[in-house]
Amino acid sequence: MIYGLVASALVALGLYGLVTQPALLRKVLAFNLLGGGVFLLFGVVAARGGDPVPQALVITGIVVAFAATALALVLVLRLFQITGAATIAEDETRR
Amino acid sequence: MEATPGGFLLVLILVAPVTGLLIGFAQGGRAAERIALWAAPLGVTMAMVLLAGVLHAQAPIVAFVGGWAPPLGLALRADGLAAAMLMTTAVIIAAITLFARADYTTLPGAPEARAPLAFWCFLLALWAALNAAFLGGDLFNLFVALEMLTFGALALACLDGRATQFKAELRYLLFALIGSVFYLLGTALLYGAYGTLDILLLSRTARSDAPTIVAASLMTVGLLGKMALFPLHLWLPAAHAGAPPAASALLSGLVVKASYVLLLRLWFWVMPAALLLAVAPILALLGAAAILFGSLVALRQARLKLLVAYSTVAQIGYLFLMFPLVAGSAAEVAERAWTGGALQAISHAFAKAAMFLAAGVIARGMGHDRIAGLHGAARVAPLSVLAFGLAGLSLMGIPPSGGFTAKWLLLQSALYAGQWWWALVIVAGGLLTGGYVFRVLSAAMRAPSPDFMPAAPVDARQERVALGLAIISVVLGLLPLAAFGLVLIGR
Amino acid sequence: MTLLLDLILGLAVVGVAVWTLAVRENFPAVIGFVAYGLLLALVWVRLGAVDVALTEAALGAGATGVILLFAVVRLRGGRAEIDAATPGPRQRLAAGILCGVVGLALAVAVLSLPDPAPSQAAAVARHLPELGVANPITGVLMAYRGLDTLLEAVVLVFAVLAIWSMAPDRRWGAVPGPVFPVQSNGPLSLLARLLPPIGIVVGIYIAWVGADAPGGKFQGGTILAAMGILAWVAGLWRLPPVASRGLRWAVVAGPLAFIGVGLLGFVFADGFLSYPPAIAKPLILLIEAAMTLSVAAALVLMVAGPPEGRRA
Amino acid sequence: MAEALLLAAGLILLAALAGLYRALRGPAAADRMMAAQLLCSGGIGALLLVAAATGMAGVVDVALVLALLGAFASVAFVLAARGLSGR
Amino acid sequence: MSTLLTLFSGIAIAAGVVFFLAGTVALLRFPDPLSRLHALTKADSLGLGLIVLGLLPWAGGWFAALKLILVWLLVLLAGATATQLIAERLRGEDPPP
Amino acid sequence: MTLLAHLLLLATILAPLGLLATAVTAQGRLRLPALLVYAPLPGLAAALIAGPAPPLVIYADWLRLSLDLDAPGALLLGVAALLWSAAGAYASAYLPGATRFAGWWLLTLAGSLGVFIAGDLVTFYFAFALVSLAAYGLVVQDATRRARRAGAIYLALAVLGEVFLLFAFALLAVSIPGQSLAIADAVAALPNSLVRNETILLLLLGFGLKAGLVPLHVWLPLAHPAAPMPASAVLSGAIIKAGIIGLIRFLPFEGGIAGWGLALGVLGFLTAFYGVALGITQRNPKTILAYSSVSQMGVVMAALGFGLAAGDAATPLDAARYASHHVLAKGALFLGVGVALATGARRAAWIMAPVLLLVLSFGGLPLTGGALAKEATKAQLGAGVLGWLSALSAAGTTMLMLHFADRLRAGLAETPEASAPPGLILPFAVMTAGALLLPWWLYPAAVKFWPALWPVLLGALGFLALRNWGGRLPRWPEGDVLIFAERAAARVAPPLAERASRIEATLRAWPSAGLALLVLALLLGLAMAVAA
């Protein structure tokens, strides 16, 4: 049950980071923190019922999250290479 | 619920584009293009057979993957709504395939280029993802489908490789990821509470307890974020407007609909009615705000594609008016509202795809997409302007378009249900829509200055594809309403 | 005793997460994240989910940490822009309160989950003999929820292609990612030569053991990918260009094998992804083998990024 | 015996976590690397002890993977940093 | 026999734990990075080695024992590398942030 | 016989659309203008033959499409088809080779005739939308700045009208017990509907917009002068009758509703006098005609209103008779303007004589068709104060129309020898004859001489006064109140849109969108927690 609370706390922290962190890299990082919390929640659910199914779901989830992270980082890097921007604040794109 | 005959079709519809994508990716751009060209008619045929099957049986077609019945295994289900969306998807994708050949063809012997390979592969990829999202009967399986959709949409939108687009797409990706995480959180709670994620099984057991409530709100908001319902639309205008036309058409027309169907499944299957009654007015209120705000902002856009994108923000709003009209209404009213909502999703898909394609052709022909400078567009790309106008009719809800029938059904059920205020929103939205469509058309119809030169020749086939989709969106309204009884099957 | 251990671990995870968010520099934040992943892996062991612990250690902490670090090295500056985009204190406070409430609601929901917990454990175990595997997770991943796994493998292909498609047009056809010079001397390069053989053995072992014990294609594939990446950054291995057919077939082999076996189910068993009990285990192992290869290839390519063709 | 092993695991973990404090403080990036290093080996130690205490054989594999990836991460990172920074 | 082994294991593991604790204290208290580095590398390599040593008798088979030893070897290697890296950084050669 | 009637009804709508379909080929496009004259003929035939047949009903599950021709519908359909045909012939001479114009023409035609025969809500709405929206293409044909402005305002108001009607129809549909969407059922259910007042208000707004009810008339004086001659003729003659037929079809005259009837009647008279008052300040003959149309439709609506108030079931037919004269006469006059502008002083008498006759017919001069039309509404507007008002409006109309004739004479072609081509003259002649004579065939009546004459004389006196002192009248811009509305909108709309954009931009910023997401999640959760 402790881990249920831990998971909730991690979710809250990750969300806070995603909303308030301005730098893209840190947003991606926060997303991963958040993901950890979500997966942990699955873990708690799995542990309560001794159930392998949620564990399998988490494995799928981790792989998908990794793919998302890799994709996001490539976008961040490309954005940085082309424009030097490190945030997604609104800018002159809206004319 | 048992597996039904014909379930193999569901698997094929899902697996065929995936296989095409994998082989196309491995064999290179030209192979991917050829596979997509073959897949288009095949896909339409399969969707048609499936649709006929559902109509014939007047019941959903169900398959259990690997023969494992839920809760242990995964079910694929094609009810009327799914069959209709699959058909819509197949037709629009086939149209886009035709449209995109002019832009992304690889000549024999030419070296493989980046954009064509990515385009054709992701066209197939999106198709697979959409099919998975419409057919999925398990909430986690649907999560994976949504992620596929996000990745595919992202890649297609970035195809032009412009710097501004990367920023727009990052906003999209990050917001969509928050949406995914919210959705996943809800899934975890639901599994913890019920030990299954199968939609049908959940619909029998769902309670109104704390885990369910938290799961419902998280999943709903996650999906709303992915759909860009006002005020969560921050990513949509730039992301959809900046993409290449073929991609924008897919994104605006179809991709947001996947989350919508999932949301319908969540609320009209999984969640208990008491919770739905509490949430429905809020959703509809957001929808109303989306209609009014989106249309007002669209009116002010200086650029054609952004205008079309904001129109999507507004039109998405209509999809949510159905919630309070279906929830807690008499069966007949609920059926009407349901049909209206589904038809809005379908007719908007055609109309918006047509609009984006037409806008793309116009923008290329004119060399820009500033609305104020579109004089002469009707001469450069007459069919596209016509397509834009016809699609506009459907969005405004002018008869006999599909949009009209959809809005008419919603309007009627709003009045039946005694909730006339939604009816006001519907008509006000139609008026505003008329405003922004007219802005574009009147500019496009004006005679250009004498020294005007088109920036690029316009591909007649692309124009015809856009027109064809627009015509479908209009003709949908001429179908007898009985045809839309389809979307009630398995509700 | 175990409660104490759980408490320490739990607090540590949360503490590390806070620090990762709070620290100003990027580099220590990533270090913090890797530590977070390590601790999470320990938590997973505590929760009895060794398969997940393996995945978290390999992918969550290891691979994610590495790509984050690579990104940190290449992203510099932007401090002023970042400061300008930082939300004001009022927004931060609002965000803090809202996130706190969301977390609280989540905690309430978790605490009020029904007792006894609903579980599919018995059903999973009952049908496991039909598959010939002993690891229930593998049973779930490969059979009961095989479609999830298939789609997930396809997601990896999506990701590779999506990442490639971010490349500038003129770089198409080059090798993915930067090209590293050969490290000729020093203990680092020695290790870079020493580690891959060990790692490959370990990776294959982890993938192989998955059928009956914790492990499997994703974990094993990740380790193989890690070794590949090591060889790559040490300049010992040149990645094939993106146009390479072999490379691409390696990426799609796993999902294709999965689909192929699945379609055979129409003929030899009752439907897609259904295994005839007599040869269920060999089929599953076949898919796992192909998937391990594909996962490894996909991960290497995802870490490498879009083709850059520098010094190509 | 199992209790004692778990106690040992807890102590090691505590030690490693205390080490993380250094990472918090810095000052040098080197300190942070060290902290991560310590956490990695501490975690491995704890895992091995837990494996022995609970008889979960697979946990040793987790430790193995951690060890492998720890080594990999530190090497790969230095090499990549060198390569990417243009030397 | 088994009592003896238990005793041996207990001592080895306890020593390992002590080394770990010492390493931490060093990391926290030593004044400069270089000396911290020195202490730490010793502590975790040795500490883990002792623990592995203590666990070896209980490994239950040569394969499991081999794995334990492999783990230790890998940590040794990692430690060496980290040292290299950190030393490099301390010399100020390396630019990463 | 029934089959033939049904075929004709279908052909009424499908013939123009079918002709339009031939435009897919280049050759078909070229032929299109020359065919305009034939397109309304099935409609004309239907009006002559199909009247007494039972309605044509096409069942399609929920939707019931039906075509139905009652007596008022047949009357209006017939005269409108005649006008469309004559104007079509006129158009092919006036705008030779204008294929796009011909396309819009056919679309508008299909809708215009469709509203007279639609038997159910959906068909009616479709036809109404078709005529409203497609007419935009006729208004902007000249592509001048003025035409575009008129077109934009026309379209905006047309869409607004559509919106009112859509709403009204939805209310009607909801009121009908069962699945029927037939107009007859809707009207039968209306008096007892829970939303009766709302429905009627929306109907009045929607149809009033089309028919030019003050203050919704603003588009008429803008659109008519801007459109080419034949288009103005059908706009004023046939298209605005869509509003009249709407009122005829949808208001429950059997039984009646006193309050709404009175309101409509008063507004109708207001419109009638307002049209005259503003019309005499105008100088452009076409604008004067437009204001005259406003005024005339005011009379029709007054008749409808007081008929509704009295529950007089004969009102629809009576009003249709009055309106049918307007179809013919106003159509003829608009065509006449084109003829006059092309005719020199030498031959002016040939054109001015029939124009003068038509002008006086509007005033109800005995022996003209106008006198019969006026007679037709005696039941509604004959007695007491209403009779006086009606006579006064006839006097006003006479004055206004004489003013028109005067202005028209001033606008004759500059070369005295000029003469209009026969392609323009013939349709004008046909329509003039129709306006003067057809009523005698369609609704003969005995007209008392003196009561019909004195308003004409009074009007003539008024006209003389106007000629002498009219210069002192203030000039009103075309579209009168619209100018104020535009100014007000210009003050209100941009800031509104501006504010919407600003709010939207704030919401689009990342942190606020994130906060919105969280707030929304909590809000939904809270709502559910309260409900559960």
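The letters A, B, C, D, E and F name the chains in turn, as written, and every chain counts its residues from 1.
FYI, a contact is a pair of C-beta atoms (placed from the backbone, for glycine too) under 8 Å apart; a residue touches a chain by one contact, two chains touch by 3 or more.
Predicted model, so just to flag it, every value in this text is computed and none were measured.
Connectivity note: excluding chain C, the chains that remain group by touching as A, B, F | D, E. Within the contact network of the assembly, the step distance from chain D to chain F comes to 2. Across all inter-chain contacts, the pair with the most C-beta pairs is A-C.
Here the chain at the heart of the structure, going by C-alpha means, is B. Centre to centre, using the average C-alpha position, chain A and chain E are separated by 32 Å.
Averaging Cα coordinates per chain places chain B and chain E 57 Å apart. For the pair chain D and chain E, the distance between mean C-alpha positions equals 10 Å.
In this assembly, the C-alpha centroid of chain A lies 13 Å from the C-alpha centroid of chain C.
Across the assembly, chain D contributes residues 29, 33, 35, 40, 57, 61, 64, 68, 71, 75, 77-78, 81-82, 85 that each touch 2 or more other chains. Chain C has residues 26-27, 46, 48, 51, 70, 72-74, 85, 87, 91, 95, 99, 102, 105-106, 110, 113, 117-120, 124, 144-145, 148, 152, 155, 158-159, 162, 166, 188, 191, 195, 198, 202 in contact with two or more other chains. Residue positions 11, 14-15, 18-20, 28, 35, 41, 44-45, 48-49, 51, 53, 57, 60, 64, 67-68, 71, 75-76, 78, 85, 88-89 of chain A each touch two or more of the other chains.
The list of touching chain pairs reads A-B, A-C, A-F, B-C, B-F, C-D, C-E, C-F, D-E. Partner chain C is touched in their complex by these residues of chain D: 3, 6-7, 9-10, 13-14, 17, 20, 23-24, 26, 29, 32-33, 35-36, 39-40, 43, 46-47, 50, 56-59, 61-62, 64-66, 68-69, 71-73, 75-85, 87. Residue ranges on chain C touching chain D, taken from their complex, read 1-2, 4-5, 8-9, 12, 16, 19, 23, 27-28, 31-32, 34-35, 38-39, 41-42, 45-46, 48, 50-51, 53-54, 57-58, 61-62, 65-66, 69-70, 73-74, 178, 180-181, 183, 188-189, 191-192, 195, 198-199, 202, 206, 209, 213-215, 219, 223, 226-227, 229-230, 233-235.
Taken in their complex, chain C has these residues touching chain F: 85, 87, 91, 94-95, 98-99, 101-102, 105. On the side of chain C, the complex with chain A involves touching residues 3, 6-7, 10, 13-14, 17-18, 20-21, 26, 29-30, 33, 36-37, 40, 43-44, 46-49, 51-52, 55-56, 59-60, 63-64, 67-68, 70-72, 74-75, 77-78, 81-87, 91-92, 95-96, 99-100, 102-104, 106-107, 110-111, 113, 116-121, 124, 136-137, 139-141, 144-145, 148-149, 152, 155-156, 158-159, 162-163, 166, 216, 218, 299, 302-303, 305-306. Here chain B touches chain A in the complex through residues 140, 144, 147, 150-151, 154, 158, 163-164, 166-171, 173-174, 177-178, 180-181, 184-185, 187-189, 191-192, 195, 238, 302-303, going by the rule given at the top.
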